[in-house]
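First the structure, then my questions, so here it is.
We call the chains A, B, C and D, going by the order they appear; numbering starts again at 1 in every chain.
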Amino acid sequence: METNLALLLLLAPFAGFLLNIFFGKKLGKTVSGTLGTLTVAVSFAVTLFFFLQVNSTKVPVMVDLFEWLTMANFKVNFGFQLDQLSLLWLMFVTGIGTLIHVYSISYMHDDENMHKFFAYLNLFVFFMIILVMGSNLLIMFIGWEGVGLCSYLLIGFWYKNQDYNDAAKKAFIMNRIGDLGFLIGIFIIGYLFHSVDYNTISTAIATGAEVDMGWLSIAALCLFIGACGKSAQIPLYTWLPDAMAGPTPVSALIHAATMVTAGIFMITRMNFLFNLAPDVQNIIAIVGAITSLVAAAIGLVQNDIKKVLAYSTVSQLGLMFLALGLGAYEIAVFHVITHAFFKACLFLGSGSVIHALHGEQDMRNMGGLKKVMKITFITFLISTLAISGLPPFSGFFSKDEILMTAFHHNKALWIIASLASIMTAFYMFRLLYLTFYKSFRGTEEQKHHLHESPSLITFPLIILAALALVGGLISLPGSSWLNHYLAPVLAKPAVHHELDGTAYMLMGLAVVGALIGIGIAYTKYIKQALVPAQESEITGFAKVLYNKFYVDEIYTAIIVKPLYALAAFFRDVTEALFSSVIFGLGKAVNMLSNEGKTIQNGSIGFYLFAFVLGLCSIIVYIFLAK
Amino acid sequence: MYTLVAIAGLGILCLIAEIFNLRKAIVPITILGLLGSLVLNVADYGKTLSYFNNMIITDTFSVAFTSLFIILAIFLIALTPVVHKEHKAKISDFVAIKLFLLTGAIAMVTFGNLAMFFLGIEILSISLYVLAASEPKNLKSNEAGMKYFLMGAFASGIILFGIALIYGAIGSFDTGVIYGALLENNNVPGWFFIGIVMLTIGLLFKIAAVPFHFWAPDVYEGSPTLTTATMSTLTKVAAMASFFKLMTTLNRTVPGSYITIISIVAILSMTVGNIMALRQNSVKRMLAYSGISHAGFMLMVFFSPTFTAGTLFYYAAAYTLAGIASFAVVLFVCTNKENEDVYNFNGLGKTNPLMAGILTCSLLSMAGIPIFSGFFAKFFLFHQVFSSGHVAIVIVAIINSIISLGYYFKLIIAMYTKESTAEKQTVPFTYGAVALIALVLNIAMGLYPSFALELIFR
Amino acid sequence: MENILQQIGIENYIYLSTLLFCIGIFGVLYRRNAIVMFMSVEIMLNAVNLLLVAFSTYHQDASGQVFVFFSMAVAAAEVAVGLAILVAVYRNLNNIDIDNLKNLKG
Amino acid sequence: MDVSFVLIILLFGAAATFFVGDKWASKAALFFSTAAFAAAIYVTYLFNQGMGVDLTMNWIKAPRILINFQGDGLSLSMLLLTTALTPIIILASFKNSIPKARSFYALIMFMAFAMAGTFLSADGFVYYIFWELSLIPIYFIALIWGSGDAESRRKSVIKFFIYTFAGSIFMLIAFIYLYQRTGSFLNIHLYRAFLTPQEQFWIFLAFFLAYAIKIPIIPFHTWQANVYQKSPTAGTMLLSGIMLKMAIYSIIRWQLPIAPNPAAEYMYVLIGLCIAGVIYGSILALKQDDLKKLLAYSSLAHVGLIAAGAYTLTLDGLRGAFLQMIAHGFVVVGLFYAAEIIQRRYNTTEISQMGGIRIQTPKFTSMFMILVLASVALPSTFNFVGEFELLYSMAQTNIWFAVIGGTTIILGAFYMLRMFQQVMLGEQNAKLFADITFGEGFVFVIIIAVLLFFGLYPKPIVDFITPDLQKILLQINRFN
C-alpha cells in the first residue's frame, strides 16, 4: 500500500510528462495544461497524506524497489525514503509546483509548444521528487542530474534564440562541474562506508565506525562543491542569472523555489557527515556569506527585473549556506521554505508584469503599474516586505534566525550577512518602486494594453503571498514546530537561542537595517524619482557592479577561451603532428624507394658488377670469419 | 623417375604433334599427360627410391615439390593457347619448352648427383632464356632475354666452379657420397666450402635474392607476361627447393658465418624488395620486387633446416598459387595493352568484379592476411624461425610485412576506387578458370593447412 | 699422369683455373660487346672444365671427365640460345653493344 | 547447439546476401542478422541453463591449434552486443540507395562474423585470425562506399589498415612466443604460463600495440577521426560500435590475464595515457566542424575512459568497462545514425550548414536529445551505470584519476550540447528537413529502449558477467 502510494507520488508527474509529450499536441492546450497540473496535484495530495502520517507516527516510510548498481564493495538499491525532511521538501515542491502549473496554464497559453512546456515541467517535478525521495546518494544523483536536464530544457525552451540556448548550456555545464564534485564525494563515501545509503552511513557514524577523517572531510568538501553548482554559490553561481532566459514560471519553480535549494537539501540530508568536518563547515559558511554579499551587491544595480530577482535568489541561497555552515540546518531549511514562498511569489508577480507588458523585462521601461495591476502589486508588496525581513512577514523570522546564529558564531559573518540584508531591502524596494510606482515609462502601445492578469495567474499569487505572510509561523522563535519536526533527521540537536536581550537587540538591528535599505530606495526612486542610467553612463564601482564584477568575462578569459584555443591547437597542430609522424614514416620509406630506383639503372654491366661485388664480399667475409 | 621421363617424352610428343598438324590437341593432351604424370609421381609418395646409380633419388620432398611443379605447369600451359591465340603456330613450341622447363625443375629436386642438378638447372635456364626472348620483334623482350641470358650464363659459370671445387674436395658428384664423406671426415679441404658458397651464390641468383637480384625486375618487366608468370612462380620455387635440398644434403658442417650470410641476404632481400616495390608503376615490376622479398622470406627456412622442409613447401605453394592467380588476372587485364601499369587496373572492381576479387584475394594472400594460405605460410615460418631463436630477423620480417601492404593495397585501391579507363571485356574461360582454381586451392590450403604442411617427412 | 700431377701439384691447377676464371669474370665485367662477353663466359666455363679434369685425374675418378662433357654440351646449347637472342637484338638495334640495352630500369 | 551456430548463421548469411542480388540483399542481411541475434539469445539461454555451449575441434597438429569457441559470460555478452547491433546497423542503412548493395551487406555480415569469432575464440591463433579478418571488410566498406574526396579517403583508409595491421602483427609474435613457452594457444594454458617479469613486459607491450591502435589510445589514434568521417555511416557504426570493443574485450580476455605484471607495474602510465586520451578527445571535440569527426573524437574520449577502467585491475574497473562497452556500443550507433539521418537530408556533415532543425522535426529532436544525454552519461541511462563504475574504479586506484577522468562529464556535456545546439536549435533552417520515417524512428526507439532499460536495471548483465570477470581477476592476481 505504502509502496504503491509512494510510486503514485513519484510516477504521477512522470505520467503527466509522458502523456504531454506524446499526446499533448492532440489534446489541446487547455487539456494538456490541466493534465499537467492535475498530475502534480495528485503528487501533492499523496505527499500530504504521507506528511500527516509521518508527522503523527514519526516513523519514516521506506520503499525498496530493486537492486540498481552493484559495485565490488557496495550495492545501490533503487529505494526511497519518506522521512520528515523529504516530506517537508516534497510538500513545497509539489505544492508550489501545483500552483506554478496553474499559473502556467494561463501564462504559456500563447505558446505553440505549450504541451512541451508542461511535459518538461512535469518531468522536472518527477526528477525533483526522485532527488528528494531517494534513500541513497545515487538516487539523489539521478534526480540531481535530472532536474539539471529539465532546467536545461526549460531555460532553452525558446530554442530559436541561440542566446537562450547558450544560457541553457551554461547552466547545464556549470551544474556538471558541481556534479563531478558530487560524484567524487559519492566515490569517497562509498569507499569509506561501503554504502551510499543515508541510514547506513548515519548509523555507521553514530556507532562510531572507524573512518579516515581526512578523507571524510574531502568527501564533505566534494559534496559541497556539488551543492555549489546546483545552488549557485561562488564560484559556480553565474549560470543562475543567465538562466532567467527561461519562461518566468520556470524561473519561479526551478530557479527560485525548488531546484536551487537541492544543495541545501543535500547538505541537510548529510548533516551527520558535515558535522564531522568542521573545516568544511567553515568553508561553507564563508562561501555562503560572501555569495550573499556579492550577489546582493550586483543586484543593486541591475535593471532587468528577473535578473534582480535572480541575484536576490543567489544572495538568499548564500544566507542559507551560511546557516548550513554554522550547523544550523533547521534554520537553513526554514529559510528555504519561506524563501520558496516569497521568491516564487515575486517571480510569478514579475511574470505577471512581464506578461502584461508583452515580454518587457527592463525596469526602466516600467513604472506606475500599481494602479493597473492591483493584485499583482499587493502580493508583490507582501513578498517584498517578507524578503526584506520586516516583521511579521515570514522572511523576518527565518532571516533573523540566520543572523542571530551568525552573531553567536562569528561577528564578521554576521556583519556580512547583515550588509547583504540591508542591500536586499534596498534593491527589492528599488525593484518595487521602479516597477509599480510613478508613471509608466514604456511605449504608448504597451500602455494601451496594460491589464491585470487573469485569475489563473493571480490565484497562485494570492496563495503564495498568503504563505509568505504567515509562513514564519512554522518556526517562531522560542517555540519552533519545525525544529521539533526535523529533530529525528538531524544528528545534532537544533540550535536554541534564548529569547534574551541580545536576541531582541539583533532583531531590532535587523529591522532597522531593512528600514535603512528601504529608506535609501525611497529617497532615490520616489523622492528624487531617479531612473537607472543607461549602460554607457554608468561609471566607477557601479559599472563594475553592473557588469557583475566581470566574473563571466573572467571565466571566459581564463577557462572557456583557453579551452577553445587548446582545442584549436590540438586540432591544427598536435593532430597534424601525430599524423605526420605516421605519414612521415611512410613518406620516408617511399623516398627510399625513389632513391632505390636510381640504383636499378638498367645496365647489365652494373648488375654484373654488383653480382661480383656480392660474391667477393661473401667469400671475403667467410674467410675473415674463420 | 618415370615422371621425369614421361614429361620429357611429353615435350617431344608436342613437337611431333606439330609436325602432324594436331595443333588443337596439343594443350589438352599435354594437360592430360601432365595429370597422368602427377598420378605417376604421387604413386612414388612415401618411398625413397634411387635410380641410375643414384643419379635420381625420389623421396617425399621431391615428390611433394614435383607435384607442385606439375600443378603449376598445368596452369601455365593451360594459359598458353589464350595468350598466343594470334600465333597458333607457336603453341607447340611454347608448350614443349615449358615441358622441358618442367623437366629441368623436376630434375632440380630429384637429383642424387650434382651432374643431374647441373643439368636440371641448365635445362630450366635455357628454356627460360628462350621464353624471355620469345617476342623477337619486341625490343623489351630482347633486352630481357639478353640480360637474363648474360647474367644467367655468368651465374652458371659460378655454379659450375662451385661444383668443381666440391668435386675436387670430395672426389665425387654423388650427394650421398659427399654426405657420407662429410660425416666421416670433418677435415675437408678449404675449397670445399668455397665451392658451397659459390653454389649458394648461383642459386641466390636464381631465386633473385639481394644483391644478386638486379636482373629480376628488368627481366620480369620485359618478358612476355606468361613467361614472367613462369619465372616468378615455377622457376623461383624450383630454385628455392633445389637450394634447400642441396644445403640440407651437402652442408653438414655449416659454420656460423654461413648462417650470418644467409640472414643478411634474407634481410636485404625482404627490405630491398619491399621498399623498391612501393613506387613501381608496372604491376609486373612490382610483382618482381614482391618476389624478391618473398625469396627473402623463404630464405629464413635455413635457420633450422631440419624441420622446415614442410614449411618451405607450404610457403612455396601458397606463394605460387597466389602468383598464378594474380598473373592470370594481369594477363587478362593487360591483353592488347601497351604495358602493365597500375592504371590499367583502374575500375576493375566495377567492370569485372570476379577478376578483381580474385586478384584482391591473391594479393591479400601474398601480404599475409588471414585466412589465405599466405598468412599461414608466414605464420609457420615465423613460428619456426622464432623457435630457432632468431627473434631479430622475425621482427624485421614483420616490419617488412607491414611495408608490403603499401604496394599490394595500391593495386587494390586502383581496382576499387578509381574510374575505369577501359571497356568492359568478357573473361576468357581459361583465365577465369585458372585464376579461380588457383584461388580455391589457396584458400583450401588456408583452411586446412595440415595437409600440405605434413606432406614432407623423412 | 699421376706422376705429372704429383710433380706439378694440384694447387697449381687450381690457381691456373682460378686465374682463367677470373680473367673470364673481368672480361664479362669490362667488355661491352655482347659477343666478347659471351666469349668471356666461355672462358669461365672452360676454366671450370680444366679444373674438373684436373680433379678427375687427381682423384683417379672418371666422373669428372664425364661431367666435362655435360658442361660442354650445356655450354654449347647456351651459346646457341644466346646467339639467337643476340641476332634478335642486332636486328632491332643494329648493334650489339649492351649499353644500348637500358630501357628496362627503375 | 553451441556458439559456432551463430557464426555459421552469420557466415552463411553473408554468402546468401551476396548471392540473392542487389535487390534483396538488405532484406536477406537483416533476416540473417536477426536470426543470428535470436540464435545468440538461445545460446545464452542454454548457457544460463548450465548447458555447455563450447565447441572444440582439432585443426592444425603442429603447431597445435584448436578451433575452440568458448561461450561464457564475457564472450556471450559481447556476442549479443554484436548480433544485436548488426541488424540495427543494417536497418539503419535501409533507406540509402547503395550501389552494389549485395557486396555492401555481405561485407557487413562478414564483418559481424569475424567480430563474433574474435569474441568467441579461446585459441589465441584462431582469435588472431578473426581479429585480422575483421579488418578486411571494413577496409573495403570504407574504401568503396565512403564519402568525400577520393584521394584523401584512400590515404586515410590505407593508413588505417596498415596502422592497425602493424599493431596486430606484433600480437601474433607475442602469441608465437607464448606458444614456445607453453606449447598451446589456448587461453587457459596461456594464463598458466609462468613468465618472468621481463617476458611479461614484452608480451604486454606487443599486445598493447595491437590494442592501443585499435581502441585507440593516444597517441595511436590518428587514423580514427578521418576514417570515421569518411566511412559510410554503417562502417562507422561497425567500427565504433563493435570493432573497438574487440580491443577492450581483448585487454580483459588476453592481455591482462596473460601478462598482469606490467599492467600492475605501469598502471599509472597506462591509466594516465588513457585519461590523457579522454581529455584530449574531449577538447578536440570542442572545435570540430564535421559532425562525424566530432562524434569520432567523443568516441575517443569515451573509450579512453573504458580502457582506463580496465587497466585499474579492479573488479569495478573490469565490470564497468564491460557495461560501458555495451552502453557505448548502442549510444554511438545511435548518434552516428542521427548524423546519417541529417546527412541523408542535407547531404553534408558540416555542422556549419546545419541548425534550426528542431522546429521542423520534433520527434527526431527528442530522440537525438536522449542519445546526447545518454552519451553524456545522464543518470538512469545505461551509460551512467558504466561510467559510474569506471570512475569509481579509478577513484579506488587514485582519486585524482577519477577527478581528471571525471572531467569528461563536464567536457562531454560541453561539446555534446554545443553540437546539439549548433545542429538542431536556432532559427529554422532554410533547407527542408523531413521528419523521420517510421523505420528510422524504429531504430532509435530500440536503441533508446535498451539504454533506458539497462540504465535502470543493469542487474541481468551484471550478474551475467561478474562470475567470469572474477575468474579473470583471479588470473590477474595470480602472481601476488
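Some points to look at:
The rule we apply is simple: contacts are C-beta pairs under 8 Å (C-beta built on N, C-alpha and C of every residue); 3 or more make two chains touch, one makes a residue touch a chain.
Protein identities per chain, from UniProt: A = NADH-quinone oxidoreductase subunit L; B = NADH-quinone oxidoreductase subunit N; C = NADH-quinone oxidoreductase subunit K; D = NADH-quinone oxidoreductase subunit M.
Being a predicted model, the structure only gives us computed values, none of them experimental.
Interface comparison, A-C against A-B: more C-beta pairs in contact at A-B.
Chain centres here are Cα averages; for chain A and chain C they lie 98 Å apart.
Centre-to-centre separation between chain A and chain B, using Cα means, comes to 78 Å.
With centres defined as mean CA coordinates, chain D is found 66 Å away from chain C.
Chain B and chain C have Cα centroids lying 27 Å from one another.
For chain B, residues touching at least two other chains, in rising order: 146-147, 150, 154, 217-218, 406.
Of all residues in chain D, those touching 2 or more other chains are 162, listed in ascending order.
Counting partners per residue, chain A has 586, 597, 600, 602, 604, 608 as the residues that reach two or more other chains.
Here the chains touching each other pair up as A-B, A-C, A-D, B-C, B-D. Looking at the complex, you find that chain C touches chain B at residues 10, 14, 17, 21, 24-25, 28, 34, 37-38, 41, 44-45, 47-48, 51-52, 54-56, 58-59, 61, 63-64, 66-67, 70-71, 74, 77-78, 81-82, 84-86, 88-89, 91-93, 98, 101, 103-106.
Residues 586, 589-590, 592-594, 596-597, 600, 602, 604, 606-608, 610-611, 613-615, 618-619, 621-622, 625-626 of chain A touch chain B in their complex.
Against chain C, the residues of chain B that register as touching in their complex are 115, 118-119, 122, 125-126, 129-130, 133, 136-137, 139-140, 142-147, 149-150, 153-154, 156-157, 160-161, 163-165, 167-168, 171-173, 191, 217-219, 221-222, 280, 285. Within the complex formed with chain A, the residues of chain D that make contact are 159, 162-163, 218-219, 221-223, 225, 280, 283-288, 314-316, 319, 356, 358-359, 366, 373, 378-380, 385, 388-389, 391-392, 395-396, 399, 402-403, 406-407, 409-410, 413-414, 417-418, 421, 424-428, 456-459, 462, 466.
Considering their complex, residues 25, 28-29, 32, 98-99, 101-106 of chain C touch chain A.
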